[in-house]
Amino acid sequence: MTTVKDSVHDYIELCPTAEALLDTAAMQRLRYVRQLSTVQLVYPSANHTRFEHSLGVYHLASRAVDQLGLEADLADRLRAAALVHDVGHGPFGHQTEAAIERHLGRHHDEIEWLLADTELGDVLEDRGLDPREIAATVDGRGPLGELVSGTLDVDRMDYLVRDAHHTGVPYGTIDHSRLLYALRVVDGELALEDGTVATAESALIARTLMNATVYRHHVSRIAGAMLDRASERLLVDDVFDPEAFARLTDAELLAAFEDHDPTADFATRIRERDLYKRALWARREAVPEDVVGLEYDRTRTVEREIADAAGVDSSAVIVDSPSEPTSPESRAKILVDGDVRRLEERSALVAGLDACAREVWRLGVYAPEEHLDDVRAAASTILAVETDATR
Amino acid sequence: MTTVKDSVHDYIELCPTAEALLDTAAMQRLRYVRQLSTVQLVYPSANHTRFEHSLGVYHLASRAVDQLGLEADLADRLRAAALVHDVGHGPFGHQTEAAIERHLGRHHDEIEWLLADTELGDVLEDRGLDPREIAATVDGRGPLGELVSGTLDVDRMDYLVRDAHHTGVPYGTIDHSRLLYALRVVDGELALEDGTVATAESALIARTLMNATVYRHHVSRIAGAMLDRASERLLVDDVFDPEAFARLTDAELLAAFEDHDPTADFATRIRERDLYKRALWARREAVPEDVVGLEYDRTRTVEREIADAAGVDSSAVIVDSPSEPTSPESRAKILVDGDVRRLEERSALVAGLDACAREVWRLGVYAPEEHLDDVRAAASTILAVETDATR
Amino acid sequence: MTTVKDSVHDYIELCPTAEALLDTAAMQRLRYVRQLSTVQLVYPSANHTRFEHSLGVYHLASRAVDQLGLEADLADRLRAAALVHDVGHGPFGHQTEAAIERHLGRHHDEIEWLLADTELGDVLEDRGLDPREIAATVDGRGPLGELVSGTLDVDRMDYLVRDAHHTGVPYGTIDHSRLLYALRVVDGELALEDGTVATAESALIARTLMNATVYRHHVSRIAGAMLDRASERLLVDDVFDPEAFARLTDAELLAAFEDHDPTADFATRIRERDLYKRALWARREAVPEDVVGLEYDRTRTVEREIADAAGVDSSAVIVDSPSEPTSPESRAKILVDGDVRRLEERSALVAGLDACAREVWRLGVYAPEEHLDDVRAAASTILAVETDATR
Amino acid sequence: MTTVKDSVHDYIELCPTAEALLDTAAMQRLRYVRQLSTVQLVYPSANHTRFEHSLGVYHLASRAVDQLGLEADLADRLRAAALVHDVGHGPFGHQTEAAIERHLGRHHDEIEWLLADTELGDVLEDRGLDPREIAATVDGRGPLGELVSGTLDVDRMDYLVRDAHHTGVPYGTIDHSRLLYALRVVDGELALEDGTVATAESALIARTLMNATVYRHHVSRIAGAMLDRASERLLVDDVFDPEAFARLTDAELLAAFEDHDPTADFATRIRERDLYKRALWARREAVPEDVVGLEYDRTRTVEREIADAAGVDSSAVIVDSPSEPTSPESRAKILVDGDVRRLEERSALVAGLDACAREVWRLGVYAPEEHLDDVRAAASTILAVETDATR
């Protein structure tokens, strides 16, 4: 048996299909895409990649299909989908996701185009696996696709633990073994067995705390916003077509920024950690309803308005107003006296965690250090944000 | 410098006072009192003792006083109090606490009697420390006594991490370094610095999850209830006077049960893990208001009534109806724009966690396996508990 | 499936036989026998028990039999033997082993007497397992008995890792998964597959380092020697017959010492960590050949001679001269180009580790603090040990 | 106090000088140089960087200077040197080191050129630190320079633990706290205090085991040899001058290979993990004396001869014959009865570990898979290596 040593799950046993898939260029590329993109600018140890995460998700899927006693064909499909579930990620993962969606029209979970007439697709077919079924599973569709992408998926179980291990933050250490033991298939769908509300809550808590301390850290959000604007420019300027863009590595994207005049400054700033700073950083209650979750086009318009008012170049203002947080885990199914319920119906904690997530929400306006005051003044006027609530 | 190796904090550096205190019989006794009493019957690795926990609390207190830059005298007092804070615990810690309070009239945090004219008191005096001040500090009184016993105390910071490490449960892994860095002294009182709500919440979450999975596990509650009844009998029968009782070790108490006819059966049952079972196990909503948090005398009366109705010996029925949970951490002080506030005012999560704690609350009625049906029937009638809600 | 949470191996899955065996009083007793006996007097966190270690050994045996693809009957036998392998241990494990052997004539691995007409034996028979075969396996005899007791046994794999985890010492952290993957059955015997010399060496290194820092720590050796002398006295004075003695728990033995006048002082000294000190502590090269590995009767004679010469009571002198160390792991079988060899033939490190083990060897003579000088003078004369080499 | 969270040492406290140094481009570049270069091709989790390692070395240096009670000036210098000790590393660290030395004439520890008239040098001077003294310290010269680069340096203490943490291999987990506590300054030089031979040996053992399982893994050696040949080509072809080359990141080097025809194939092979394979892999005893530790020029000549004989392109043969291993740690100073000795004089283990290191030595000849047989035949003739000893 081939095994590979992982710092989180110790030895991971690879089936022959997994070995063949790992040998493809598409999978090897994931060694060069950091799992937490720019979080390493805050937590310097967070340099783990989507490659090792993919191995971890494969490992948990293997354990789950054994535990559930699934038939061989379905088990093969779920394992393979788990392994390749992240091949659709562009450089810097989630941080270029929106730019790719705008130009490519596809989410990173839609990977059918990466499996049609490709080395990866060929390996799947050679092994008797249908690329379209694998693509559907990665997207959470088809039989037990939710194991790979759903409210109780093994993706989440791996990344919470792995991100905690590598940042050094203790909050993500969920009991993934306990979650796996609790999985049941009920009418073809995954549910947690009776009496495991606390186990399910713990995963929800872990994500809430990791959001607050890691995933939504302002330094990483600023770097991410800068990456988005530079990526947009690269795509608008046709430096890459969207499909090629989506297959770059982190370093290749930075190099491309560097080589393209309008984005060169962004490259240097990210590489030298000389990021934009917060001109505005406002809690939910200080922000007018219509400025929450700004659409992209409106965001860019507002940025230009602020830049004009502040008398700076429009690339010197970034507005970052995320949607209000949602919590997919709260819709996880759980058995109560034999009936399938949603976790949120059974858990007194879900509402509190949702409130907690809203608490962490912030509107950010970012600018180079030398323009902070001007941009702050302009932005608070234009966005109608109460300026004494900027922390 | 003398150091001692700890499985949680690695090396702990001991000051000369700590060394002298550790050499007393009262401190050495804590090697024979398990930190989590009967939790080892559920989590077999949970055999850590109050001795190593005391070292851990001392270590965190040392770090805190350094961090806060306290003057030498106060620092000495806080360190010494942290080290001896648990000498007042009887055998099996919290599980004989109620029995000791009923007969001795003192809580385990009231240790003045253990420091007056004792070896431990002499060591303190030799080192220029006032035993009464140390006793007050252990009880949370006096300057910064809350560091040892309060809403942000180092006791809690140690036990959450230590209990997680030894049970293998991942939920208690709080970021104690972060908490220590966040401590401030404001007008002579401890508060967390601005912007650390999430850090404070994480400790609260940790305790809520540890309650649900470890501290309130039904097997440990049953064993604890059995220990309480047997202890009461020993004290009522004058086998020990309360002060001598309070200084037994775990094993000495079990041996005493074994040697005393009316409690011998309890000893065997605990030692061989042949415990009473749940005749009734009811959620909060199924239990009438007046049966929640039953006082001791009323509990014993009800037990006798149930036993009579079920036709069994009164020692064969144990009623266990804890008070509703409270959460001292939610009253922790935290700075918000320079003002001291309570965590519960600032945290959207506190209410959810309180609800979660209520969710975990259960009324239990326990009995030997052979009497379960009879006791269940009698108990549900006498306590007016809806019997279809027994899980 | 029933699982139990372990701080070392996370969840351990229990087969029905294991559950039934664990429910016996003989297995439950192991909760009250510390794995590292008096090592906790040096490493305060080392309070783990033979109970959790037994679970760990069972777990590794389960993994090994799966890995090796053994037939069901043999697998059942090996698992059961792994679980009960330590029931023969007396109180304080190895530290009363010599006393028990002198009086009972049996080593702790010879457990047939504990399986004949006992609750434990009955459970085995009910499950279709032959108690004599189980006893043979525990003793390392019969088909693959060496998996439970041999040069590559799962006992060692568990205790090295577990003892490291609980002491906090990092040296025992062997890669037990790697060792399990490397196991092969060749002509009915266990051997490591080709190319795994380094893996085998690492286990040997781990034990050598754990010996030096933990197992042979002088404080634990002194406490162990005191336990041996007190146990001998108890047995000579017929306070217990040897079979009853062998089934005591740690605490019961201390209590028995306390209740018996000639041993009461030992009990207090151990409990309050007020141990004898080193009057002599000599390296191998300073000790005459005939004083190395002194037999018991000769040891006691020499103690009396030293006591007479020093003018102290004979119980105030303890001579502790262990045999020269051996290293069973060095005889582990390993495949080299398809042939079975011994590790020592293939490893350049074995000789170095043997030398290292000799380096750690010490002759100790222990006495109460107030008699150290007198006993040192007498002992160095009588044992002809060069006194300037006492460290 | 500014702190940064590290996955190995938890919070690291930064002094203002450290903060300023970290803000330079030279230090930020280390975020993009993997600590273990191509080891991630074997251990996929090993993606930690020289940036976080630098923080770790700084942290251990801080602890050491506190422990030793050094005066402020020397402490500042040692801390600063510890932080910048790796700025001299080229892309892929040790794997391009030889190529850089051949062309630049400087070892990575000689960093004076990187501190003269550079941003980094300016920061040092602004803080009152002499860049030349810092450079000397990094090179192990000057007062206590050996703390940063010597037989007992904090570099080693960090990397062993960090590399173990990130590969998942348990062998590097040395007790660095114990080593720090044991450090003494004797006549201006570092030595370990009396009685700590075992502690020193443990570090030596850790490196020996990490060598065998991680640092000298054949896959990483092959990738490293390929990087060396491609780097040589890049430098010979003047694509970069040596100083610019030495300041590339890992990804920039791969991109440069890709852009340069003669090295493009190497880039693809490394990126897609489609490496050369072992045509020959011979133990020390099968290799003639004059082929051990081949000089570079001779190596290239031999490669051409083998290529000619095998009828393949000369870039299709890589000969890798390292020098015999040395063990600097064995010369660590240690106090014995007040005298300074070398560890090798006092440790019975050093010779065994040296033998063990020789045991791990291999001569490798690597080639593309399709040429393995031809290259093997040619190489064994030309190098006079006994071919039946190729494992």
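Chains here go by letter, A, B, C and D, matching the order in which they are written, and residues are numbered from 1 within each.
The rule is short, and it goes like this: a residue touches a chain if its C-beta (ideal position, glycine included) is under 8 Å from a C-beta of that chain, and two chains touch if they have at least 3 such contacts.
Predicted, not measured: the structure shown is a model, and the values here were computed from it.
Superposing chain B on chain D by their CA atoms means rotating through 180 degrees, a value rounded to the nearest 5. Placing every chain at the mean of its C-alpha atoms, the farthest one from chain B is found to be D. Chain A and chain C have CA centres that are 50 Å apart.
Per-chain Cα centroids separate chain A from chain D by 34 Å. Multi-chain contact residues of chain B, defined as those touching 2 or more other chains: 10, 169. By the touch criterion stated above, chain B contacts chain D in their complex at residues 1, 3, 10-11, 177-178, 181. On the chain C side of its complex with chain B, the touching residues are 4-8, 10, 23, 25, 28-29, 31-32, 34, 40-41, 43-45, 47-49, 51-52, 55, 165-169, 249-252, 254-255, 271-273. Against chain D, the residues of chain C that register as touching in their complex are 169-171, 173-175, 195, 197-198, 201-202, 205, 209, 212-213, 347-353, 355-356, 358-360, 391.
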